[in-house]
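All chains are identified by letter, namely A, B, C, D, E and F, in their written order; residue positions are counted from 1 within each chain.
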Amino acid sequence: MLNNGVFIGRFQPIHLGHLEAIKFALTCVKDLTIVIGSAQKSHELRNPFTSGERIEMIRSSLKELKISIERVTLIPVPDVDIHYLWTYNLDLLIPKYQVVFTNDPFTSLLFAERGTKVIQPPLIKRTDLSATEVRNRIVNDRYWKKLVTLSTYKIIKKIDGTKRLKTLNLKHHEKLDSH
Amino acid sequence: MLNNGVFIGRFQPIHLGHLEAIKFALTCVKDLTIVIGSAQKSHELRNPFTSGERIEMIRSSLKELKISIERVTLIPVPDVDIHYLWTYNLDLLIPKYQVVFTNDPFTSLLFAERGTKVIQPPLIKRTDLSATEVRNRIVNDRYWKKLVTLSTYKIIKKIDGTKRLKTLNLKHHEKLDSH
Amino acid sequence: MLNNGVFIGRFQPIHLGHLEAIKFALTCVKDLTIVIGSAQKSHELRNPFTSGERIEMIRSSLKELKISIERVTLIPVPDVDIHYLWTYNLDLLIPKYQVVFTNDPFTSLLFAERGTKVIQPPLIKRTDLSATEVRNRIVNDRYWKKLVTLSTYKIIKKIDGTKRLKTLNLKHHEKLDSH
Amino acid sequence: MLNNGVFIGRFQPIHLGHLEAIKFALTCVKDLTIVIGSAQKSHELRNPFTSGERIEMIRSSLKELKISIERVTLIPVPDVDIHYLWTYNLDLLIPKYQVVFTNDPFTSLLFAERGTKVIQPPLIKRTDLSATEVRNRIVNDRYWKKLVTLSTYKIIKKIDGTKRLKTLNLKHHEKLDSH
Amino acid sequence: MLNNGVFIGRFQPIHLGHLEAIKFALTCVKDLTIVIGSAQKSHELRNPFTSGERIEMIRSSLKELKISIERVTLIPVPDVDIHYLWTYNLDLLIPKYQVVFTNDPFTSLLFAERGTKVIQPPLIKRTDLSATEVRNRIVNDRYWKKLVTLSTYKIIKKIDGTKRLKTLNLKHHEKLDSH
Amino acid sequence: MLNNGVFIGRFQPIHLGHLEAIKFALTCVKDLTIVIGSAQKSHELRNPFTSGERIEMIRSSLKELKISIERVTLIPVPDVDIHYLWTYNLDLLIPKYQVVFTNDPFTSLLFAERGTKVIQPPLIKRTDLSATEVRNRIVNDRYWKKLVTLSTYKIIKKIDGTKRLKTLNLKHHEKLDSH
């Protein structure tokens, strides 16, 4: 078992697929840093929730599923304008790690070009379990409650995330039309 | 007891005074967010250590002193160029909080102007126990081991922090001379 | 009647619909701050004019329509990368206000989440009277003179805005093709 | 008489010397753009007031002294990291101008290297009438009321500027000591 | 013959059309500055190669074609957020020039608005010879070797540019789908 | 003999000591990238000259001393806010290198922490031959002509660098006083 690993996601919002992958990662490493990517983004259709809101969702989901939170460090990491520097900026912000967990081919490429070990966590039922799917269902008033934990569901309700997502959807399409 | 509080510091490096204050804060709130300020800074005389290094020091110090790490969330927060926006940027990055713990008059002022509750943790033996003092002693080869936890001491030794601090000290004074 | 209000627009370019809405706002507040949004942008298809050019158009339009310019303050405000911070950055840059005038749902959302009062000015003949429509007509050599004040028309002619818009239109479509 | 001129200052805070110079400038040009420099700065010892607070002080001072406000446009302009680009960024943000009013040798140099006409307004009683002097007196509880207009005095009192300046002064000196 | 000219391109990657145009420019001026635009960009579908990789390709191509490299200065220039400032930022970074060589209408517009002389180098066989075409062929495993110099071909092979471009292509289309 | 090396300096301005060190570096490597650091800075007392001006001085000095310019690539590199990322940003901007030539302890530290080979070029007559000394002499009207090449001397005269430096010196000291 390795000492430290890093799990990278945007968690817009965190869903059950993320949580399965985090459980898997915790079988591989003793301490896991969960990186909340695009931390500076919020109030966009693809990034509706703030970093603070996402941290609340992740922490309460880990507790709900009794995942050992004392082995996890949550770190919000902003994007950098210069893609090439993203992994080096990560090194600056988080504790040293021996392995990266990600299913994103672009993130994998950046680490592979540096020679860092990348593990792809096994994916379960991917068609339903993506954050894009959750956001789409919220926008279109379709059933989404079972794609996330109960605590995530409650937080989104409390901050009126449905209204926010619908407004952002409106804005997104208006912009395209107005060109 | 309040639900959430935030403790703000730069932790360059974390010393026993910080840890006393964190213990105090954990008697006031159930969950505590520890904000690692000036997260983007490192390799400067006043900010020698990276955010990743500081997180390692803080986590291992909390474990060493058996402070309940599952009640703590560590969040690195970069400076923003615009002072006025600093507290709002904080709101974006961290979970909601009801109280701020800080001894810094400037940070207090920013929160006070917004009407946020600020508590000043009691300070112990301040003359010795400041990060400035720790850095000064390292630079000048004076005894500093007892101002920090053993785990912090070991991390600084492992990354050869003494050499780094001496080089930064050299650079800092050279710059002043060359004006 | 409230003391201060803020009217938010990009004014690319200012058209008669904007001016009606400004007149309406001036019936609600004694002093009105007009915020010229996306102030740093120019030479883009959706943002062809510089902040300086837009200020000249707005000032001369207000004078032409004898709108009481001494009750108005024009403030160019740049975008901020972090959406969440936009309204707080506004607070930093402009005098205190009690109400916001805007028809944009996204801007309304940001202020509503903070609890700021938002008034939607009544819209007149919206199909014709949008800045997008003005820009489209200029690009396609259709009649646009009557959608703006005479002074705005003259300024756009003087700076050869037609040529600029056509070049930007060319660039915009070339970019899409080249993907 | 020229059509447009620009008057550049930081106005931290606006004092009677600024206002004399503005009156002088209005005898030279028909329309005057007053640039509020370092607009993004506040809560620093040299830049205590926000752009919004400074605009309120300037507007109310112009009204108090019955300076024809309809001939004046107030524009906050942020610093740019790259000194060389400052004057070009100004051109982007403000209406075209034929002359610059400033007593600052560095600003003069930047415009002179581009060939722009610079006029130095006559200075009155400079020893007393500088913003540095006003700030120093506030910090040290010395008499400063007569260096500014009554409306500026009232605004600084209303926002508790004295407390803010004293805290900033504390912070400034602490920082220097801690090196 | 003029003393200095500037040739502007992104060189993603440099192809034989660029090199013909550079030869043409060297018949017009004694010294030529080649500006590598969007220097900070890499690892994007439209900008796959780093500035360092592009410099290697350009230098080795010039040597391969025996173009007099001692008359050429290569300068990477990052984009600036504010379009209007791009040409002024260029002035800051590169030696003085009397003429600009470019076929891009937008770049031409920016220089024309300042009154700078622009020459459009004659284009040869444009359908094949564009960087977009080279990138498309690499992504789609079509023949591209003869569109570039042998040294450029070798560098792209050495850094496994084909794999990088295919991953970037995947990412680019995934993003569009996920909206 | 190694293939590629990088020589790092700010060249404010280039002096005979720099040129000796460059000659030395060219005995160690076949191709040399000269990095012009703090490229975005100019019009400051420590950084008076623009990147473009510095490139002209370096190129003409290399020609004057008949140093083989075809083996040299000049690359302006801006500072990055985050010190830790500086060497990685360098990797992005310049061709691959096997060795770094520098006498600066801080730059050496950053490369040493990454395991990059650093060579310190032998220094000649250091007391006289520093850029700080050249700038001081220009400001104080002392003899400086023999510390630089004739071509550098002529360029500084042509752009009236003496006046610029004296104004910057004035500004620098005024700022300190005004605190």
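Here is the rule we go by: contacts are C-beta pairs under 8 Å (C-beta built on N, C-alpha and C of every residue); 3 or more make two chains touch, one makes a residue touch a chain.
Note that the structure is predicted; figures quoted are calculated from it, not measured.
Peer 1: Minimal path length between chain C and chain F through chains that touch?
Peer 2: The distance in steps between these two chains is 2.
Peer 1: Among the other chains, which touch chain B and chain F together?
Peer 2: A, D
Peer 1: Same or different for chain C and chain D, where same means more than half of the interface numbers show up on both copies?
Peer 2: same
Peer 1: Since chain A and chain E are copies of the same chain sequence, what is the angle of the rotation superposing the Cα atoms of one on the other, rounded to the nearest 5°?
Peer 2: The best-fit rotation has an angle of 120 degrees.
Peer 1: Indicate the whole-number Å distance between the mean C-alpha point of chain C and the mean C-alpha point of chain E.
Peer 2: Those two chain centres are 36 Å apart.
Peer 1: Averaging over Cα atoms per chain, report the distance between chain E and chain F in Å.
Peer 2: 27
Peer 1: With chain centres defined as C-alpha means, what is the inter-centre distance between chain A and chain F in Å?
Peer 2: 44
Peer 1: Find every residue in chain C that makes contact with two or more other chains and list them.
Peer 2: Answer for chain C, listing residues that touch two or more other chains: 40, 42, 50, 82, 84, 91-92.
Peer 1: Just say which it is for the chain contacts: an open line, a closed ring, a star, complete, or other.
Peer 2: Other.
Peer 1: Hey, which chains are touching each other here?
Peer 2: Contact pairs between chains: A-B, A-C, A-E, A-F, B-C, B-D, B-F, C-D, C-E, D-E, D-F, E-F.
Peer 1: Taking the touch rule as given, give the residues of chain A at its contact with chain F in the complex, in rising order.
Peer 2: Listed in rising order, the residues of chain A that touch chain F are 82, 84-85, 88-89, 91-92.
Peer 1: Which part of chain C faces chain A closely enough to touch in the complex?
Peer 2: Listed in rising order, the residues of chain C that touch chain A are 45-46, 81-84, 105-106, 108-110, 113, 132, 172.
Peer 1: Which chain C residues qualify as touching chain D in the complex?
Peer 2: 39-40, 42, 50-52, 55-56, 59, 69-70, 73-76, 78, 91-96
Peer 1: Help me check something: in the complex, which residues belonging to chain A touch chain C?
Peer 2: 40-44, 50, 163-164, 167-168, 170-171, 178-179
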